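One chain, chain A, appears in both complexes that follow, with chain B as partner in the first and chain C in the second.
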Partner chain A sequence: MNENLLRPVAIAGAGLGIASIFLPWAYGPRILDDMTYYFGPSFLQVCYALLAVVALACLVAHFFLDRMSWFARVIAWNDAAKAASLGAVGYAIAVIIAIAVGGGGLINVEPGGWLALGGGALAAVSWFLPASKAPIFERLRCPKWVQILAIAAVMAVLLFAAAFALNQSEADGFLVFAVFLGAAIFTFHATGFFGWLSLAAANNRKVLVISAFTVAFAFPFTQNGSDANMSVAAQVLTFAATAIGLNIVVGLVGLLDLGYIAFLGAGAFTAAVMSKSVFATLSVDLPFPVVALISGTVAALFGLLIGTPTLRVSGDYLAIVTLAFGEIFRITMINLDGTDGPNITHGSNGVPSIPNLDFFGFDFGQSHEIFGIQIGRFSNYYWLLLLVIGLIILVFANLNHSRIGRGWVAIREDEMAAESMGVNTFGLKLLAFAGGAFLAGVAGSVKAYTDTSVSPDQYVFLESAFLLAAVVLGGMGTIMGVLIGATLLKLLPEKLRYFEDYRLLLFGALMVVMMRFRPEGIIADERRQLEFHDTDEELAEEVEEDLTTHHAHLNADKELP
Partner chain B sequence: MLEIRGLEVAYGRVKAVKGIDLSVGKGQIVTLLGINGAGKSTTLRCISGLIPPVAGTIEFEGESIAGLPAHKIVRLGIAQSPEGRRLFKDMSVEDNLMLGAFSRKDTAEIRRDLDRVYGMFDVLAKRRAEPAGLFSGGEQQMLAIGRAMMSNPKLLMLDEPSMGLSPIMTQLIMKTIKDLQSEGVTILLVEQNAQAALSLADRGYVLEVGQIALSDTGKALLGDDRVRKAYLGAE
Partner chain C sequence: MDPTLFFEQVVNGLSLGSLYALIAVGYTVVYGIIQLINFAHGEIFMMGAFGALTVYLVLGSPTDLSIPMALCVLLPAMILGGMVLAAGTALIMERFAYRPLRGAPRLAPLISAIGVSVFLQEFMRLFYGRIPGFPDSKRGIAFPRIEGITGNNIDIGSVSIKMSSIFTIAALLICTAALWYYINRTKTGRAMVATSQDPDIARLMGIDVDAVIMRAFVVGAALAAIAGVAHGMYIGNIDFKMGFMAGLKAFTAAVLGGIGNINGALVGGLVLGMVEAFAAQLGPTAWKDVWAFVILILVLVFRPQGLVGAKVVNRA
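Our next item is the complex of A and B:
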């Protein structure tokens, strides 16, 4: 089709879309976030407008490209316009569905909503525009402060988005916002911004880590004392910490562990029976760090116990044995109830009413006020978990880039070759297995205190499966990926209770889609990406090119004073 | 340096090596010839500890190493470049080389040996950050040899380094092997390319179905009728 015709149509569509937010979209104020006002767009309507504005701007930019030749080459204008307008259509559809479901029929969609959909659809004819020339955004060299600023800005946006998403108490608002985030990410991806960002992040790893932790640390301040959200956040962190431990075993060494949750349980039970709960059977008065270390050690001993006989044989046996171990652990905890065995765990009742931690007079159960903001009980534990996760990440990152980490990856890639290089494969596998168990045990000890009770039914196979899924979905062998995967897998079920019955169905569908289109996970490990696309020559060249640019950048940065 | 007496190796009930004697003197290049299935690779894998022997002795510098685990044997100074190269294809050149040095902890010397390998193979130095799988066959063979050299071995065992390489590349690899010898490395070379291997070798052994059929100096074997007929295609 003729570009001279397409572009004006698309521009008009985007314009209509922007105009639509000044009209009501829904009938009835209780649907989503009240989209009933003329000239008073709600937040979710503004989200739509953002996509439409980006689409409009990218489409219009075409006419000025001659006058800004440098800028023209940097951003993939057409691609960004396509992505933004498609995103707007998808978002409008999501909103309309939410309105129809929430209000009881499409009759509840006001003209504004239809205008939004129509405008988006018109803008989406930009799909037939020619593709942009390869964006060179990612090759763009910027001063260091620009890179650092960009990383900080992205982190701040993440914080805001996470806080907003968590505050959506209704499934529909959460889902619609999630669709918006997806559309926004899709658009940014199309501009080439993420490529640039990941290079910037690779060049400023410290800044990335510090800003990520600052944002995570600041998160409780956005919640103003709401313990409900902080409880979810604490659960996410526990899950993420455990998943990173599993990532050593699965992601680096390539050992399939199907009963990893048992190590978390071993740590949690150890901490629980040693706590000052009236139900604790081995109550001792020890400072928490010591208890955490003991919990980790107990879990690591379990790891050694299972690992020693099974790690000598091939991988399939390990999967079967760990699967069985997970169940044996749970059943043993049920049987240590005083009738079938010695009373250690109170059987299926477990150990309830574990008292709060007390660090040098700082009571974790108390609310505190910092800068006039209420910091509740779960926020305290959230920060403790953040500390634990920080330590686990530190261990992981150091191991990954050390001699031992190299040995692990070598075992995963070719065990025989690793052996002939002098890698003590059995020893290293056992180290990974026990080390991963130790980390899970430590996380478990915090979990016991956060949840105030520990019972065997929390440690079922499904949890192990979800942990493994978090690692695979996020990206094996990466920290960022696993953090994202763990957050998604813990947060989504929490927020989408409405779909609880279909949880496993949706989850299965998601996994199938991921394995088809992005087997390396959301965040790809450089090495893994090749593994999954071995025959893909194009990708090989792309990676080669990436590496060259990457190193050019690294070197360029080194040359700076 | 390496003394093997009556070595027998089996996979389950099937004996692949049926009692061979072999000796490698310090500073020599010794080659082990034979067709597929003769037991050459099995012998190498047994020396490097990947499979335990059923019977016989293996002595390295006067110490028995038969049945030791592979990682301990590497530490004693025996490195192997396995058949088919077995590089870590998704890891960078440098990571591959560093893995070769896995048994060592002397960081400064590792650095020095890394530079030595880069000095030997220019192409590796230039593309050190690239994944090994992106290299050509010959370049991968260089990397495989370099990786084995990174453990700073006294005895280097190469399993069919010329496999799948062009004649020119084979020549280059053979020259590299000769250079390594002149640097004082002892080499045990398993080959199917008898011509190339025997012209380098101080001594050659011909393996046939798990037994030594012939052994002599490299030159003598090159001139031997039976070898010429079976391996060099002479009528």
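Our next item is the complex of A and C:
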């Protein structure tokens, strides 16, 4: 079809789509977030309008391209329009399905909803427009403050999106919002904005890290004192902290540890038996940092115990031995109940009712008020966990870029070659193994207090498999990836109770599919990606080119006064 | 130790060891050829047991069969059903989860295997009971009663031996003989040996390596299915989780004997079974599952090539 015809049709479609939010979409206020008003769009309708507006703007921009000079090439206008309109269609379909399922039949979809779908579909004819030239967005030089501002803005949006997603108590609202996020990311990706953003982030690493932590720190304030969501957030953080520890072992050194949860358990049990719980067998009054260190050390000792014999043999054995160790740990914890062994852990009951932490008179169990916002018990632990995760990320990042980290990567890629180049393979592997165990132990000690109870059935093989899945899904060897993987794997089951029974089935299938199609994970570590696709010449060149232009940019920016 | 008790434990150990050995062969054959720890092999064993149960249910849950009917018609049919389901699952698994990953870093197939293992367990848990007329698979299911085996004992002097033990040990003997014949006397068996020694040269000699790998999976699955039936009769019930522990212990047996070595898997299985039986008798029962893993770790420290000797030890 002719472009002169396509474009007006698409523009009309996008316009109709925008208009549709002023009509009701659903019959009945209980469906999603009440889409029943004329001229009163709900939040989820506004989300749709955002996609349609982007599509419209990108389509209309075409008429001004001649006058925009260099700016015309900054954004891939056509590609962005295509992505936004496809996203709008997908989103409209998701909303209609949600309305139909929530209300009981398509009859509940009001004309506005159909108009949204139709408008989106019309806009989607932009798919047949010619492809844009590669955008030069990422080559845009910007003053530093613009980059910093952009990072801060993205972080703020992330915070808002996370808070909104967590607040969706129903699965349908959560899923629809997730579709919107997916569509938005897809659109931004098409504009070339992410390339620019990742360069900006690389240039301002400190700003990025600080703003990320600020946002994470500010998260409890968005929850209005709801402790239920903060409990989920605390769980996500515990899980993520452990997964990052595992990522050292699996992602950096390439040792498959299938019993990692046992180290978390070792830390948790150590902290629990040393706590002031009436069921604790070893109540000693020590300040928490000391307890955390002892827990970490106990876990690290287990790591040494297991690692020393097995790290000498081939990596395959390690997987099974660590799995066996995980089982031994669980059985041992059950048996240390006073009848089959000395009473240390109270057997399968574990150690319940662990009292809250008390830092210099600050009771973690009390809720208190900051800036007029109620901060509950889980928020306190959330902040403590944030501290722990910060520590773990610090260790991870520093090791990754040090001599030790390079040694690890060398071992991962070719152990024999590494050894013959003088890398102390056994020592480094043991260090990684024990170090990873230490971090898990520290995380476990906080977990013991957050959960207020520790019992052996929390530390089964499946939990280890889930940790591994978080690492694999997110991207082995990266921090960002594992954070995303851990968040997805903990948050989705929490929000999608409906699918709870199928959780493990989907999880198993996901592992197989990921290994088949994207073994490097959502966020790929570049070197790792090459390793998995070593026959893919194109990818190799692409990564190389990326790296060189990337570094050229970094260096160019540094030369600026 | 009282001699009666001693002999009973020997029989227990032998039957437990036969189970482990039958499963361990599957690990070792596959490992010998493609150096993959087929983590999901325990689930193949589970599928074997469920396949046998399926045949029994499809036949209309026949009860009150005469002993010859039960032993000569029902039991072979059930074993065959188990083998078909187990081998079919193994082939699908090989085709879609392992074959695309050949040549990938070693972590990839192992992670894929864990995914398959979880998937198969959950698949059986969720969907087996949904077939009309089939029992709820979320709990343990009583294994069908086979006249002449289930609940029958033979008394030799003061020692009483369960018929199911005898079945298990006999199954191992027959399977060992059949396996020996297959490996050493048939063309496809020789091809398997050749491929495990050097896949590249085997390919140059005109051996279809893909077919050999598929056969290795089928052989392992068939033996695991027999073990599944034996386990069902020996323990009396089956469930979707039964493959996890059994698979782990069978893998221990394979390492104990020397992974990649078929004779090693048989020896390792029997030794492990004996150790477990006597450890359960002499030591506290609560710790009985720990010994297998302690042995695994000790073997790796002191004799990583296993008792009989592994074909490959340290191919990193």
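Simple rule for what comes next: the second predicted complex is superposed on the first by the 551 of 561 C-alpha atoms of A that agree within 3 Å, B and C clash if a C-alpha of one lies under 4 Å from a C-alpha of the other, contacts with A are read in each partner's own complex, and residues count from 1 in each chain.
Going forward, contacts are C-beta pairs under 8 Å (C-beta built on N, C-alpha and C of every residue); 3 or more make two chains touch, one makes a residue touch a chain.
Since the structure is predicted, the reported quantities are computational estimates derived from the model, not experimental observations.
Novice: In the superposed arrangement, does A:Glu3 touch chain B (first), chain C (second), both or neither?
Specialist: neither
Novice: In the superposed arrangement, does A:Val512 touch chain B (first), chain C (second), both or neither?
Specialist: Second partner only, chain C.
Novice: By the touch definition at the top of the document, which applies to A:Val321: first (chain B), second (chain C), both, or neither?
Specialist: It touches chain C, and chain B stays clear.
Novice: By residue count, is chain A touched more by chain B or by chain C?
Specialist: The larger set of chain A residues in touch belongs to C.
Novice: Looking at the overlay, what does A:Tyr502 touch: chain B (first), chain C (second), both, or neither?
Specialist: A:Tyr502 contacts chain C only, not chain B.
Novice: According to the stated criteria, A:Asp457 is in contact with first (chain B), second (chain C), both, or neither; which is it?
Specialist: In the superposition, A:Asp457 contacts neither chain B nor chain C.
Novice: Give one of first, second, both or neither to describe whether A:Met421 is in contact with chain B, with chain C, with both, or with none.
Specialist: First partner only.
Novice: Shared contact residues on chain A for chain B and chain C?
Specialist: On chain A, the residues that contact chain B in one structure and chain C in the other are 416, 531.
Novice: Taking the touch rule as given, give the residues of chain A at its contact with chain B in the complex, in rising order.
Specialist: 403, 406-407, 409-410, 413-414, 416-425, 427, 527-528, 530-531, 534, 540, 543-544, 547, 551
Novice: Can you tell me which positions in chain B touch chain A when the two form their complex?
Specialist: It is residues 45, 48, 50, 69-71, 73-75, 79-80, 82, 86-91, 95, 98-100, 102-103, 105, 129-131, 133-134, 147, 151 of chain B that touch chain A.
Novice: Over in the complex, which chain C residues touch chain A? Could you list them?
Specialist: 35, 37, 39, 96-97, 100-101, 104-112, 114-123, 126, 244, 248, 251-252, 255, 284, 286-287, 289-290, 292-294, 296-297, 300-301, 304, 313-316
Novice: With touch defined as at the start, can you tell me which chain A residues reach chain C in the complex?
Specialist: Against chain C, chain A makes touches at 250, 254, 256, 258, 306, 309-310, 312-317, 319-321, 323-325, 327-328, 331-332, 334-335, 339-341, 415-416, 461-462, 465, 468, 472, 501-502, 504-505, 507-512, 514-516, 519, 531-532.
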